[in-house]
Amino acid sequence: MFRKVARVFALAVVLVAGASVPSRAQDQKGTLVFAVESLSAQTLDPILEGRPGNAVYQAVMYDSLVGFDLEKGGIGPGVAERWELSADGLTWTFFIRPGQTFHNGDKLTAHDVKFSLERQMGPGSLASAAASMRRTIKNIEVVDDLTVKVQTTSPQIGLPAGLSRAVAPEGAIMPKAYIERVGEEEFRKKPIGSGPWKFVRNVPGDRIEFTAVTTPHWRGRPHFKDLHLLLVPEESTRVAMVRTGEAAIASIGPETMLGASRAGLEVLSVPGTMQAVFQFWGTYKPEVKDSPIAKARVRQALSLAIDRKQVIEHVMNGRARMPYPFATFGYTDYFSADRWEKWAAEAYRYDPVLAKKILAEEGYPNGFELKFANTALPGTQFMVDIGTAIADMWTKVGVKVTIKHYEWGSFAPMERGDQAGLIGWASMYRTAGRPDAPWRYDGAFSPESIQRLLGDKENCQEICQDFVKTSRALGSELDKTKRTALTDHMVELTANSWTVIPILEGMGYYAINTKKVGQFAPITGRHELGDVFERIPRPEQKPWKK
Amino acid sequence: MKRYIARRLMQGAVLLCMVATIVFFLGRLTGNPVDLMLPEDATAEDRAALTQTLGLDGPILDQFAIFVGKAIHGDLGTSIRMKQPAVDAFFDRLPNTLVLIPWAILLGMLLGIPLGVVAALHRGGLLDRAAGTVAVLGVAMPSFWLGILLIFVFSVELGWLPSGRMGGPAHYVLPVITLGTFLVAGFMRITRSAMLEVMESEFVKLARIKGLSEAVVIWKHCLRNALIPVLTLWGVFVGNLITGAIVTETVFAWPGIGRLTYEAVIYRDFPLLQAVIILKSILILSINLAVDILYAYVDPRIRLA
Amino acid sequence: MTPDAKGETVLEVRDLHTHFFLRRGVVKAVDGVSFSLRRGEVLGLVGESGCGKSLTALSLMRLLPKGGAQTIKGEVLLGGENILECTPAEMREIRGRRISMVLQDPQTSLNPVFAIGDQLREALLRRKRAPLTRAPHAEVMKEAVAALRRVEIAAPEQRISQYPHQMSGGMKQRVVGAIAISGEPGVLIADEPTTALDVTIQLQYLKLLKRLQAETGMAILFITHDFGVVGRMCDRVAVMYAGRIVECGPVRRIFEAPQHPYTRALIASVPKMTGPVGRLTTIEGQPPSLMDLPVGCRFASRCSLVEQRCLDAYPGTVRVGDEHTADCWKATPA
Amino acid sequence: MGSKARVRRTARVPWIPIAIISVIVIMALFAPLLAPYSPIDQTLRDKLLPPAWMTGGSDKYFLGTDAFGRDILSRLIYGARVSLMVAVLALTVGGGVGLAVGIVAGYVGGAVDSVLMRLVDAAFTFPAILFALLLSVTMGQGLGTLVIAITLLLWASFARVIRGEVLSLRQRDFVALARVRGCSAPRIMLTHILPNVLNTFMVLVTLNIGVVIIAEATLSFLGAGIPPPTPTWGLMISEGRGRIADAWWVALIPGIAITLMVLSVNLFGDWLRDRLDPRLRQL
């Protein structure tokens, strides 16, 4: 009962306050309601939330040091207007955009940037890149109110990307003075940031409410007065809420997409948000030496046996596209996208006849036994459907597939340690849409990485060594054309290893009630809408075509 | 009676320790929260740092010692994912679940028990089979299927009711119906079979000999005896609803402890999982104790040993 | 009450037929029973178990068990009114107030989950004299205590709030008795009330019934299979066999000069208190199946005096003495 | 008065439920022969076709196809096999254990009763999902894991209700008499207590059939039961739940199948119990 009374009281206060607040510009009215599948940790302190949560609801009230390139995707100007790398590649200098203020009126200065980065690396931080930042960042120096220098232990080409939401959440700028004045506990109850929306209320497991900033903001002035993010775990309920108008936008998957569009809802897809892949574990291990998947050509045959167009057409309802090579997208930095798009179109074509021929040549005329772990990472439940579809396609070329279904929490631990449960298996996997390919390649192929798909410390044959050499070179290469050449080489050797094989380039999908919101464009590669809410117009401002 | 309650509470305490220990160790078998929090491309170094920050790095027995040390003082640890004391997270959500249960049980009983009596009175007849079919429909339909169907019909197509989430009374209708239909079947069948048993006994004949009206004979003398097994089922159902109407809370986006438990398991949020199960055990124990005590009132023959 | 103190007839049963209609056939459990009961009199209804005496009682109360039992012929005149034609509502008015019943097994006659006081209160609220319907709870409870004291139950004030399982068989049967008479019925049917009690309690219960009858003048239809009880309790006795009353008359005449061979055999099988105890005679054979009853006398197959006419036709009712009848060809009319 | 005697209509043999149950059993036994297609064979082009008699339906697939273009009729037939097996196994094992614990706890009472009942309380608190994950991690997938998981779910509620029943039964005379006659406790439990609780046990069994089949779906979905794509009715429903708006038949058809099965088992159970119940046999 107390909750209801509190809500009514809060409403009353807001109304009264609303009336007395300086007259809100006439064009900010109405409430934008967004139904989302998960609010993950649902905490407003940037150092306690992972990437998805930050991108969905923290991005709304916190700006990132580096922003987005809205046309092409990838990184662009943010809190810092521009940034440059010193000649020796060891110092990044960020030039802060003037005139930025926090929600309580404090000015945003270089001190806040230094404080924020150090807090992300601090002991209490759960930021996933905290350890890497501690290792790579030597010192952060405030030159003046609008300039900050970041010295690194070794050349870090990807540092700016790492501080933009295009890649990671660790770039969120927090109010130094406010936090030092009220302390972390109070900051977590009443957080303030510099973003286009101000925090109103957080109801655990239920909703988070924001209200628009009235002063102009470099990311754009919100068209709505309030923003409510509602936690609705069941997809069909989310679609129902959009259809009844209780919500304006809802995150959906391919499953309810047909129903939504037939019901007259607009289905928006955000391109280049993820790649669904399948990969082979420990193909180089001695105990797997004579099994079929140890042979690259057999792995290639399995790729040829997959009709990607059918999967895109029927499992994803046409809302996906042919993939680039592993973990690369149209917007990947230092990467010849056109060349690789043509390569991928040919390499990842559907050629079951050739697949059978290769299998016969490799000594498996009537197929072989393939163990396949089907799972789905959080947020992309449709991976299970893709896995089911491709497994069936393999059976069509004579491969006897035994599928074992894993809930993600049970699958993840098997990657660590000796990967006993995975060696000799194929499995579904995913890579998120990110402009910096090398970071993801290291995570998958380096002998020290967790996945160690090309080789580990004991047996790192020729491809593995070549990869290590290229990756180390990329780490310190500053020249753009050389970087592109190195990246292309890295992509080529790993693609020809056929250890990780992309199936399709997936998209983020949203059902939209066109009577509630106007037409808007998402940021390419950015699945979550945290950085888009302020640019969503009201229906009368920019009606959907039709 | 006091001695009985004391003994039961003592047994409950022993059980709680056992449950807590089992959950502590079994939970960790199912995986590790760190794997779920790190993005796919995290380095081994990031993993070690996060594990250490979450205090999951020490040997398991030390972790258990820390857990027991804090638990004694009532601190059941902080939820890894929700970054708040697990006990607060639980009590934040408990009212949302509790607020649904009485209505669901009420719906179950108000429909189930009369249906059961009517079915018993018209044994083998049309009414008996009709009541049976209605009740069975409640049992046969899976709750997530029923929930989604109800939303689709009453909220999307007809627009009478909101499709989900907490809010005004209108928000309660569909979740309560989804939870209640299953209970109707249970109460109906138990009442029917108990009534059939009682209606043939001698004291019913004596009641009629007294010249009492048929209604008093059936609804007072018979039903009162049939309430004994109904009470047991009531205890079982309340227990189930407390343990978590996970599916209904998910379909209707109802932030109850059912979904909290599910998330605690799926995200391997060990402190939250431990706290939720311990606090739920306390709830279940007290309910079952209440039911056992109620037994003595409902059936005077049962003396609380 | 001496037999010749003729109160007026309170209950008249004429040619009562109650049959069970089962899948396998029709069981003619009560097949033409007639008797009459006078105020202040105890009429014994005696017979082997399964002869239809309990079903007769239930037919009078119109409380036939579910599943096929139905009274299809005959009249039951209670105070001149045929209660078989009453509507259920009228019948409910009659039960407890003008005719009541005590059941055989005290263990199961009381509702286990209600206190004695509550079950008594229900019956007391129905009595016509000094109606308690609007009386405050305390006063009704006072009446209940009085009712218990009337049936000689010790410390009734405590007993009121006790439950059936806390009381002995004998005490429970007294409570059932109190319940039965609280509506002050004109007729009380006692369906083997003492069978489930041990002998000493049995005697006390019979004395109690006698005392209550003397106080209220009600007529009692005492159903039993125990001749000893009949001798002590009844003024008149009707012997039932295979759904019919084969002999009816004052108890002393029946004991001294039973006219029907079945009655004679029954009395012979009862050990006498007086005189030497010889071998007890038993009756050979089995009672006829109630599904296909013989045309003639139903005892013929087991009767030592059987003749051809016994087999051919059912003997009529012969008046063998003052208010003493027997259904037997060999009976010598008075 | 005494109108024409009408023969009491005793319960007719429930032909329809018996027919439905036998159809399901036949489907389960002879699935390979009856099913027109293989249950897991996908034809993505023909995905989400409505049943043949509806507009847009093709008579190649009588009950239509699911999201992967698999024939729903064949999946229903093969699904019967698993769902029936799971239901029968889980109910006999889970129900049996619950029945035994309930009787022993109710009859013996004292310390045994307390210990068993506290175990029941503990079992109530454990979320089924935790069991499922534990078993899928430790024992892997398959029928065995599934039956054990569901048994751990079921036995507690059986035990609790049966114990309640036995508590009042224990007070009854025929139990006291048996004890007087010197019967040993196990004999009394078997010959006197057990038959009298069968009635409630049957009610619980019929009540829980639907629950078991749906639990199997959730557990399989989480990886603790039969792995997809092997069809089971419960899994077919959860696969179709997202599409109730546009392809309602994917979820509705297995739903109806389960409802029919539970309904016929209930009605057959009732009829069977009436036939077996001594008190009612002679009617």
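Lettered A, B, C and D in written order, each chain numbered from 1.
Please note the rule applied: a residue touches a chain if its C-beta (ideal position, glycine included) is under 8 Å from a C-beta of that chain, and two chains touch if they have at least 3 such contacts.
In this text the structure is predicted, and so the values were computed from the model without any measurement.
K.L.:
Moving only between chains that touch, what is the shortest number of steps from subunit B to subunit D?
P.N.:
1
K.L.:
Whose Cα centre is nearest the centre of all Cα atoms in view?
P.N.:
Answer for the innermost chain: B.
K.L.:
Would you say B-C or A-B is joined by more C-beta pairs in contact?
P.N.:
Pair with more contacting C-beta pairs, A-B versus B-C: A-B.
K.L.:
Of all chains present, which has the mean Cα position farthest from that of subunit D?
P.N.:
That would be chain C.
K.L.:
So the centre of each chain is just the mean of its C-alpha atoms; given that, what is the distance between subunit A and subunit B in Å?
P.N.:
Centre separation, subunit A to subunit B: 38 Å.
K.L.:
Suppose each chain is reduced to the average of its Cα coordinates; what separation in Å results between subunit C and subunit D?
P.N.:
Once rounded, the distance between the two centres reads 51 Å.
K.L.:
If you average the CA atoms of subunit A and of subunit C, how far apart do the two points sit, in angstrom?
P.N.:
Result: the chain centres lie 90 Å from each other.
K.L.:
Taking the mean of the C-alpha atoms as each chain's centre, how many Å separate subunit B from subunit C?
P.N.:
Distance between chain centres, rounded to whole Å: 54 Å.
K.L.:
Scan subunit B for residues touching two or more other chains and write them down.
P.N.:
Only 30-31, 144, 148, 152, 156, 200, 228, 266, 299, 301 qualify.
K.L.:
If you look at subunit A, which of its residues touch at least two other chains?
P.N.:
As it turns out, subunit A has residues touching two or more other chains at 236, 263, 407, 409-410.
K.L.:
Which residues of subunit C are in contact with two or more other chains?
P.N.:
In subunit C, the residues touching two or more other chains are 165.
K.L.:
Inside the complex, what are the residues of subunit B that reach subunit D?
P.N.:
That would be residues 7-8, 11-12, 14-15, 18-19, 23, 26-27, 29-31, 124, 129, 132-133, 136-137, 139-145, 148-149, 152, 156, 185-186, 189-190, 193, 197, 200, 228-229, 231-233, 235-236, 239-240, 243-244, 246-247, 261-262, 265-266, 273, 277, 280-281, 284-285, 288, 295, 299, 301-302, 305 of subunit B.
K.L.:
Taking the touch rule as given, give the residues of subunit A at its contact with subunit D in the complex, in rising order.
P.N.:
Residues 235-236, 239, 253, 255-256, 258-260, 262-263, 310-311, 313-315, 374, 384-385, 388-389, 391-392, 403-407, 409-410.
K.L.:
Which stretch or stretches of subunit D touch subunit A in the complex?
P.N.:
So the residues of subunit D in touch with subunit A come to 40-42, 44-45, 47-48, 67-69, 133, 136-137, 140-141, 220, 222-223, 227-229, 241-247.
K.L.:
Give the list of subunit A residues in touch with subunit B in this complex.
P.N.:
Spelled out, the residues of subunit A in touch with subunit B are 3, 40-43, 45, 48, 50-51, 123-126, 128-132, 134-135, 168, 188, 203-206, 230-234, 236-237, 240-241, 243-244, 246, 263, 377-378, 407-410, 412-413, 415-416, 429-432, 439-440, 442-444, 448-450.
K.L.:
For the complex, which residues does subunit D have touching subunit B?
P.N.:
10-11, 109-110, 113-114, 117-118, 120-122, 124-127, 129-130, 133-134, 137-138, 157, 160-161, 163-165, 167-168, 171, 199-200, 203, 206-207, 209-211, 214, 217-218, 234, 237-238, 241, 244-245, 251, 255, 258-259, 261-263, 266-267, 270, 274, 279
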